[in-house]
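In this document, chain identifiers A, B, C and D correspond to the written order of the chains, with residue numbering beginning at 1 in each.
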Amino acid sequence: MRKISWILGVLIVGLIGLSGCGRRQSQTITVVGSTALQPLVERAASNFQVKNSAVNITVQGGGSGTGLSQVQAGAVTIGNSDVYAEDQDGIKASSLIDHKVAVVGITPITNKEVTVRNLSKRQLAQIFTGKLTNWRQVGGKNQKITVINRAQGSGIRNTFEKIVLNGRQPVQAQEQDSNGTVQKIVSATPGAISYTSFSYVNDQVRAVKLDNVSPTANHVETNAWPIWSYEHMYTKGKPNAQTQAFLNYIRSKKMQKELITDLGYISIHDMQVTRNRKGQILTDEKGV
Amino acid sequence: MKTYNLEETYIHKFDPIETPLGLETKDLQVFYGDNHAMYNGSLQFPKNAITALIGASGSGKSTFLRSLNRMNDDIATVKGKILYQDVDINASEINVYEMRKHVGMVFQRPNPFAKSIFNNIAYPLRKAGMKSKSQLAERVEKSLVQAALWDEVKDDLNRSALALSGGQQQRLCIARALAMNPDVLLLDEPASALDPISTGKLEQALYDLQKHYTIIMVTHSMQQASRVSDYTAFFHMGHILEFDRTQRIFTRPHIQATEDYISGNFG
Amino acid sequence: MNAKIIDKIATAIISLLVGVVVLILVALIGYILFTGLPHVSWHFLTSPSQAFLSGGGIGDQLFNSFYLLILTLLISFPIALGAGIYLFEYAPKNWVTNTIRVAIEVLSSLPSVVVGLFGFLLFVVEFQLGFSILSGAIALTFFNLPLLTRSIETSLSSVPKLQREAGLALGFSRWQTVLGVIFPEALPGILTAIILSAGRIFGEAAALIYTAGQSAPVLNFANWNPFSPTSPLNFMRPAETLAVHIWKINSEGIMPDASAVSAGASAVLILAVLIFNVSARWLGNRIYRKVTASK
Amino acid sequence: MDEIKRQLTKASKATRQDRYGKWIAFICTFLIGLLVVSIFYLVASKGLATFFRGHISLWDFLTHQDWNPGQVSKNGVPSVGALPMIVGSFSVTVLSAILATPFAISMALFMTEIAPKRGQRFLQPVIELLVGIPSVVYGFVGLTIIVPVIRAIFGGTGFGILAGTLVLFVMVLPTITSMYVDSLRAVPRFYREAALALGATRWQSIYKVVLRASIPGLLTAIIFGMARAFGEALAVQMVIGNASLLPHNLISPASTLTSVLTTGIGNTVMGTLPNNALWSLALILLLMSLGFNLLVRLIGRQGRFTK
């Protein structure tokens, strides 16, 4: 009995040591952060590694906050984030370099039984600040509005509050972190309203028009649909050659076309406007 | 319960030259925390004879017995001397595990290991360093024969010991203890859980064993004590009141308390 | 009232409550299997997952789940056994021991995300193990130890005291008595403890997100060199388990067949737990029979 | 004499084994102790930073109802009121333990006393299976079945403490049952036989002897069950509504310490107040769990005296 456990112990320790050595020989890029951005980067990484077999890329989630704090601490190579580093408490944005890799559109969604198809931006804001509490008040049937908000500090909520609420305090409501859960809860709860990225709109929920503009990629590209945000990949200081190559690969026209549209993101090359952190639209400048 | 003068005792003393001793205790005292459970335990156990310890429940006889191979170490404080071949085995520097190979013990309820009959005996032997298969088989057979169990189990030694009857299990436990070749064998009411037939077989086995072993047994049954033992000690409220030849104890005890106990007038 | 009638009523109530539980369980497991099994196919079980296309499988995740389980048990069982033995046999009965017991119980109420973050800060970042199966196994070990230790201690102490005395009286050391006499008899209880903790390992997601990671590099099952990053045996590679995969699909999955993959994966997970439990019990019983010679 | 004395005093394989064994066992326990201490240290150091470095008053933390650590409120400090979560965690944990205990006792008695063979063969695997179902699946089943049913019966949204309790009930049941089964098995056979021999019915023997003898085991089982309920996040989060509102009844959306913690931890940056506030929740959770533990032990001790 004891002998077996000794042997096992030695074996495990030995293997850790050996594989530790083995690991350090190849170039490793660790990417951590936003779960929304993860599938894209993961897919790009596996494509990239086919051509560059010397590079080993690990892509993990953990949330934007984790991504930013770990890249700042130097524990990972790239931090994925849905929010600007400047907007995140406790991050010294000056030490980080922002690489915008995609644009994501955000749309309000309601339960399918809700008859309201269109909301004005003002109405939407009033619903989320708790001023309007019944669908009748916005032309629907007599039904209580159940607001499902997103997690505090999440990128999507930051964007939504900045653009729709203009800094007003939202009503205390249910909060959910993930797009998938929100989608499920909205589809299961009568009178529910929430918001998700475009790619999570399916036949279980209904996307609502805003001031008669429908949530499509084309409308985002011209800023006709105003609720959208950038997806960021941050590096601490200038990235090394391999990392830069990987970032370039993600931002390349071919990659953006292939993967980003598949994933429901909007390519940064298709955007006809750019927007700065404060929300000002800059139409003249193209690219990032 | 009648009160007896606990100071009034009769403890027979042997001359060790004339009667070789298997074990001797000097002033053995046992404490469970603050509770003084055993007072003046000084007894001599003649070699190759059976000594019975009798007394009512709670008289301290089991406590005394369990102290002899230090099974009480974890739960009680034992003071005094236990002399085995002139070595005090109650001393702190004694290797209790080694000592217990010399002073074996069998308990009130049969407690065979959940292993086969063969392994019940062979496993401790192996652990004690006996490796040769033939030697093991030989020792298993010898001890089963000594415990008068061999004829009953010789055909299925690989059966689980738990499938045996209570009496067989108890004899197996004795065989297991004997296999370690102890000099002294302590038995704690070995027959209390057994039926009369099994008890008879057990007593027969003990009778044969006493030629080679110093046996000390606790028993509830005065008939058993008188049938099997050569010497008897009477315990009462943590005191040993009387110790002498069994024959003497059961015919002309020195102490009133003993007399009352064996005649059933007790309490 | 008549004692016999009370006896009948009590038995009836107990049976009723058991019936309710069984009904819930059968409905629950039935629901999962019923919605999931139609999506399970050989292709589903063996092919790698897809992030945003339909037709993805769960082959790598299934393997990772089992691999992580085995690795975790290899680390946590000896520690839990040692600690269980200490608490059972050697620990002095005083306030220190009681404090340890309370601490272990309180530890088991930590949310798994906290355990995960602890593992992340300590092992992934500080000890540079990276996102790896090993980090995940260590985090799950933390998570597992309290329950496993307590269950082992309980199983050991449920073996009659007489057995312990039998061993000691034969000149065994206490260690020998515990390992050679008490442990084999406590085996069925310990096995249950292992199976239960295996269930939690299979089902755990939050503790693994920060340690073993939630993405799975595609494995090459022809490569059995434990140092190669695509080798299934490498335990320094990040690995997504089945439960993490289910969590990921449900929270951020955007493949068109997300709900089908999730349902199928849940059904497979239940079956995997079942297969593991049955085989562990079979193996355990064989060992138990072998050491106890009972038929 | 010298020979025998030497033999009896020298160290043997057994003593060495015992010494090594004790050390090995002690090191294992020490490892667990070290683990406990370091996790507690991590949680405490981060959790206390809210009060020492973030200058949030502990009293406000425990009694205020607004949870918005990311933004500065009117009075100049972020609102960090954990009362709704404390109430939520407390309610779901206690309610699910109360609900699960009679079922767990019945299951365990059925498996050990009433129909050991059948019960063992059938119920044991079922219990073990239940443990292996991931939280997400529990949450999803709760969302699609329990929440609509509650909404249909009681109105409201269906999200709330009741839904959380029902989901947790199923999740803690296997833990309590299997641990209690172990302690019932540890009650010596002859206790029951003695009771039955005195002419007691099976129920009398169970009630008067077996249940009483196994009370400490039951309490340990309940503690571990509650611990599971405390620590569970993903499933509860989906059905309780996860709104940091003080629940006024069982069917209004509420939240637990764990659900808020799990939702927020990835979106905050370590070392900042919003992050530390979440660790404070974990600290509260540990302290509550400790409190429960001690309370249950106290009850257990009293129960033993009245026996």
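Here is the rule we go by: contacts are C-beta pairs under 8 Å (C-beta built on N, C-alpha and C of every residue); 3 or more make two chains touch, one makes a residue touch a chain.
Just so we're clear, the structure is a prediction, and the values are computed from it rather than from any experiment.
Enquirer: Going by the touch criterion at the top, tell me which pair is linked by more C-beta contacts: B-D or A-C.
Expert: Top pair by contacting C-beta pairs is A-C.
Enquirer: With chain centres set to the mean of the C-alpha atoms, which chain is at the far end from chain B?
Expert: So the chain farthest away from chain B turns out to be A.
Enquirer: Would you kindly tell me how far, in whole Å, the mean C-alpha position of chain B lies from that of chain A?
Expert: About 78 Å, centre to centre.
Enquirer: In whole angstrom, how far does the Cα centroid of chain B sit from the Cα centroid of chain C?
Expert: Centre separation, chain B to chain C: 47 Å.
Enquirer: Between chain A and chain C, tell me the centre distance in angstrom, where each centre is the average of that chain's C-alpha atoms.
Expert: 33
Enquirer: Quick one: which residues in chain C touch 2 or more of the other chains?
Expert: Only 78, 160, 171-173, 176, 179, 250-251 qualify.
Enquirer: Spell out, as numbers or ranges, the residues of chain A touching 2 or more other chains.
Expert: 35, 61-62, 66, 177, 181, 184
Enquirer: Which chain D residues sit where two or more other chains touch them?
Expert: Within chain D, the residues that touch at least two other chains are 14-15, 18, 24, 140, 262, 265.
Enquirer: How do the chains pair up in terms of touching? List each pair.
Expert: Per the contact definition above, the touching pairs are A-C, A-D, B-C, B-D, C-D.
Enquirer: Mind pulling up the chain C residues that touch chain A in the complex?
Expert: Counting only chain C, the residues touching chain A are 51-53, 74-75, 78, 120, 124-125, 128-131, 134, 179, 209-210, 213-215, 217-218, 226-227, 229, 234-236, 238, 248-254, 258.
Enquirer: Okay, in this complex, where on chain D does chain B touch?
Expert: 1, 4-5, 7-15, 18
Enquirer: Applying the document's contact rule, which stretches of chain A touch chain C when the two form their complex?
Expert: 1, 5, 8, 12, 15-16, 18-20, 22-23, 26, 28, 30, 35-36, 38-39, 42-43, 46, 56, 58-62, 66, 70, 73, 75, 177-181, 184, 199-200, 262-264
Enquirer: Which residues of chain B touch chain C in the complex?
Expert: Result: residues 69, 71, 97-101, 104-107, 109, 111-116, 119, 123-124, 127-128, 158-163, 173, 176-177, 180 of chain B touch chain C.
Enquirer: Residues of chain A touching chain D in their complex?
Expert: 2, 35, 61-66, 68-69, 72, 88-91, 146, 151-155, 169, 172-177, 181, 184-185, 188-190
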